[in-house]
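In what comes next, chain A is part of two complexes: it sits with chain B in the first one and with chain C in the second one.
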Partner chain A sequence: MMSAEFELSRNITIGQYLPTDSVVHRLDPRFKLAAFVVMILAIAICGTYVGNLFALAICIAMFWVSKIPLHYGLSGVKPAIPFIIILATLQLLFYGEIARGGTVYFQYGFVTISSESVRLVLVSAMRFVEVIFLSSVLTLSTSTTELTHGMERLLGPLQKVKFPVHAFALIITIAIRFVPTFAMEMEKMMKAQASRGADFGTGEWWRIIRRTKDMLPIIIPLFNVALARAEDLILAMEARCYMPGASRTQYTHYKANGKDYAALIISIIISVIMLYIPW
Partner chain B sequence: MEKGLTVRRIVIAGVLGAIAILLGVTRLGYIPVPTAAGNATIMHIPAVIGGIMEGWGVGMIIGLIFGVSSFLNATVPLFKDPLVAILPRLFIGVTAYFTYVGLKNINEYFAIGAAGFIGAMTNTILVLGMAVIRGYMTFGVAATVALTSGLPEAIVSVIVTLAVVAAWKNLVKAGKQKSKISG
Partner chain C sequence: MTSPIVDVTDLSHVYMQGTPLAHQALDRVSIQVERGECIAIIGHTGSGKSTLIQHLNGLMRPQSGKVIVNGLDVSDPKVDIRLLRRQVGLVFQNPEDQLFEKLVGDDIAYGPFKMGLPIAEVKERVEWAMELVGLSFDEMKDRPTFALSGGQKRKVALAGVLALRPHVLVLDEPTAGLDPRSRNELLQRIRRLNVEEGLTVIFVSHNMEEVARLAQRVYVMANGQIACEGTPRHIFGNSSLLQEHHIGTPEAVDILYQLREQGYAVDTGSFLPEEAAAEILNLIKR
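Let's look at the complex of A and B:
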């Protein structure tokens, strides 16, 4: 299926938003982002079995609460399963010496399997799945506009220390806006090159140098096209007298209500529970 | 160069950030190599180019976008850790910028190439370093990966960076830059 290699636009799943009008969808994006960050931090720190099982259950419950079918989350995990297994096996076999402590189950030469290394492996796998589920719920229940606005409002106080919040949000918006455009450009270029006899993607997977060399006629024009568009956009913005750093009012207003605070408090409680379970 | 985030810097950061995201999402930025890291990448190159062209602020922002995109799109458990995926990437553009500025007076092309190399090595060393610190791989494995996919990545980075920045700087010097207001 040669054409599938060229159809890049199909893979752009940024801002894959699933409008199911659930409680989670209607939450204020600032609170959603804050709750997300809190839980991600807790997941990154928590290293216990029961803590991670609890987190896993919560993540699965999130899908149910936001009325998003679980298979969206699973489709994020599925391509990673071979990696998880390989990495887990490698960690299990060769990592035992580093993760000292705990009872040693098996020792042969430099292969050490201890209770600590088993825990590390299982916890890493669980953490991975949890993060995928959580980020899937966030992106599936919040449109990209909402996410950018939420981030901008959340970072708002940083304006006091001269951190350019609005400019930063604008950069993110520009980046997200241009991704599908560049995907199309790239597709055009790949097809144009291929129709003139260029030969990429057909090198065997192990012929690294060849594959790299084949990518150069695509990558470099991509940058040139992107920078040409950048020049156009700069001209357009300045022609409309855009002044970065000028104080601005905002078009959309978010009013926080009880549900938003409740969501944030619940996420904090969950994180605290996760971190204090001792097993 | 004016201080601070001019319109020029905002747009270039956004555009190069878009390329970083695109290379990750469409898997074009990955070249499969038979090492423990799984893939050699070219996704750090927008951060390097942004750093050289528009300064360390832009380089840091593009690095952040690259890091977050890498974090969200990762299939390898290694990159699901924000400290490994995001934090090291902030410095790619920064080191590239300082390398370029430091060597600019010797020879422009050499400075650009060196910045490309240093930026790529920053990515490799810091990411693998964080991976070792956080316990995802042993030091030995990390060192092997650094050499087997880090060095080729750095070489590709030099080539692409030189091609893009040299072409772009020539355009700027010849006055083909369209807007004369900022930058």
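Let's look at the complex of A and C:
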């Protein structure tokens, strides 16, 4: 659609929160995150067709349970399609030696395509989609504040080995918080430069240098704006007496109930099933 | 009778159509601007002003309705969009953020170079645009952009758009965040562009003094619609209209309204400080 030419900020789903007040939304963020990590690990390990189909079905069901329209997940997959295709091509061409076994369909020089390498390709593609779906559900159903609070608590024990958990959580919070802001700034910058004759992405794709140069009128001002915003943020934090490394109290306290434990247990059960499906 | 240079008919726009976050930004908006006019668009934040002006140079395409600018139909997918953007110079809010070249002259030359003009003409246009905004070409063209004051940066950004030699100049809150002196100077420059260079000017503003000084006609927007339209005299002289749409008034008008409330017979249609002063002098003499 032509009118969506510059609508960057509206297409970014990272950090977008869709409050539908479902069961998933109300889960304790610590448990939600833990369940998410368990599922991601299971997806990363699971290498079978049926296991991944099962995972895919679960991911789609997650949208239904959290009352989020599925197209939110699909819009996250869309920009990833080129990467999935490139990845699949590379794996198909160069992984034949590594993913040995199974019946060999085709062999020429170093290119070996076997049932195992085909499986690798298809499973990787499915994993990609599953991970995008799951993370979409997580971020769409959890506000960024909840997410970072949850992460901070989960990582809490690491403080004993001098890991700067709070600083880490703060970095993540700020990074996520500013994604939509910079997307908006970038959109504004693209529009402003287009208004004085710039055009983006119209050069032939192989003329990388020219296309990079075309982006300079956006990137340089964006850096300026980012630095100015960083300075403002520092001032605002210091004005409210923020001290790096000082001991801090929390105003949010999470108390897990039965539902939260149930969610974690269910995710573990799903993961175990995924890993035990032999095909 | 010539046709208007900007002709918007029944323009509607919905953001994030088909999602729970859908928001109707424009609802059957129609505006007509004649060649050489100076038009103000006022209204609250979120009333659709920015969405409307982005349609004028094709940054946004009409979802429904028609936008025709100087004979170019913005809704036509085959329209020469670069020609359109050259004819309609759009200056965004805080345009000083968009400077990216090291030197002032280079930044202003960016647009003309993108048009593919020969270097002599680029130079001539840069000089012309710089003089128009009140920057001396010889003195300023080799200054680094980062070392300029806020007001100067804004002038450079404005010159960068003027160098395209647009027929229509669209400005989004041109004086926001400037100190009073830069503000007055910029306003005078814009007025001269309108009067002397014959540029059609459309500007968005929250500052009613500015609207009173510059605009020949005012469109008031509310909830994505044109709430009313008229000369500043008509708009500022109609207190029920002002109250209904929560429009602020220039200070001069405020004083006259207060005098009238106190029972003095004054003409509240006078909206310029000089006119208001004359009204008050009349009162004293009586």
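As a working rule, the second predicted complex is superposed on the first by the 180 of 279 C-alpha atoms of A that agree within 3 Å, B and C clash if a C-alpha of one lies under 4 Å from a C-alpha of the other, contacts with A are read in each partner's own complex, and residues count from 1 in each chain.
The rule we apply is simple: a residue touches a chain if its C-beta (ideal position, glycine included) is under 8 Å from a C-beta of that chain, and two chains touch if they have at least 3 such contacts.
Keep in mind the model is a prediction, meaning the values are calculated, not measured.
Looking at the shared chain after the overlay, A:Lys188 reaches chain C, while chain B stays out of its contact range. Touch criterion not met for A:Lys259: it reaches neither chain B nor chain C.
Of the two partner chains placed around the shared chain by superposition, chain B is the only one that A:Met237 touches, whereas chain C remains out of contact.
Contacts of A:Asn224 after superposition: both chain B and chain C are touched. Look at A:Lys67: by the touch rule set out above, it reaches neither chain B nor chain C.
Residue by residue along chain A, chain B and chain C are tallied for touches, and B comes out ahead.
Look at A:Ser135: by the touch rule set out above, it reaches chain B but stays clear of chain C.
Applying the stated contact rule after C-alpha superposition, one finds that A:Leu216 touches each of chain B and chain C.
With the contact threshold set out at the top, residues 216, 220, 224 of chain A are in contact with chain B in one structure and with chain C in the other. The touching residues of chain A, when paired with chain B in their complex, are 8, 11-14, 40, 44, 79-80, 83-84, 87, 90-91, 94-95, 98-99, 120, 124-125, 127-128, 131-132, 135, 139, 164, 167-168, 170-179, 181-183, 186, 205-206, 208-209, 211-212, 215-216, 218-220, 222-224, 226-227, 229-235, 237-239, 242, 244-245. Listed in rising order, the residues of chain B touching chain A in the complex are 4-8, 10-22, 25-28, 31-34, 36, 38, 40, 42, 45-46, 49, 61, 65, 72, 74-78, 80-83, 135-136, 138, 141, 152, 156, 159-160, 163-164, 167-168, 177-179, 181-183.
Every residue of chain A that touches chain C in the complex is listed here, in rising order: 2-3, 5-6, 10, 18, 69, 188-189, 191-199, 216-217, 220-221, 224-225.
For chain C in complex with chain A, the residues that touch the partner chain are 13, 15-16, 19-20, 54, 57, 59-63, 77, 82, 85-86, 89-92, 95, 97-100, 110-112, 114-115, 160-161, 163-164.
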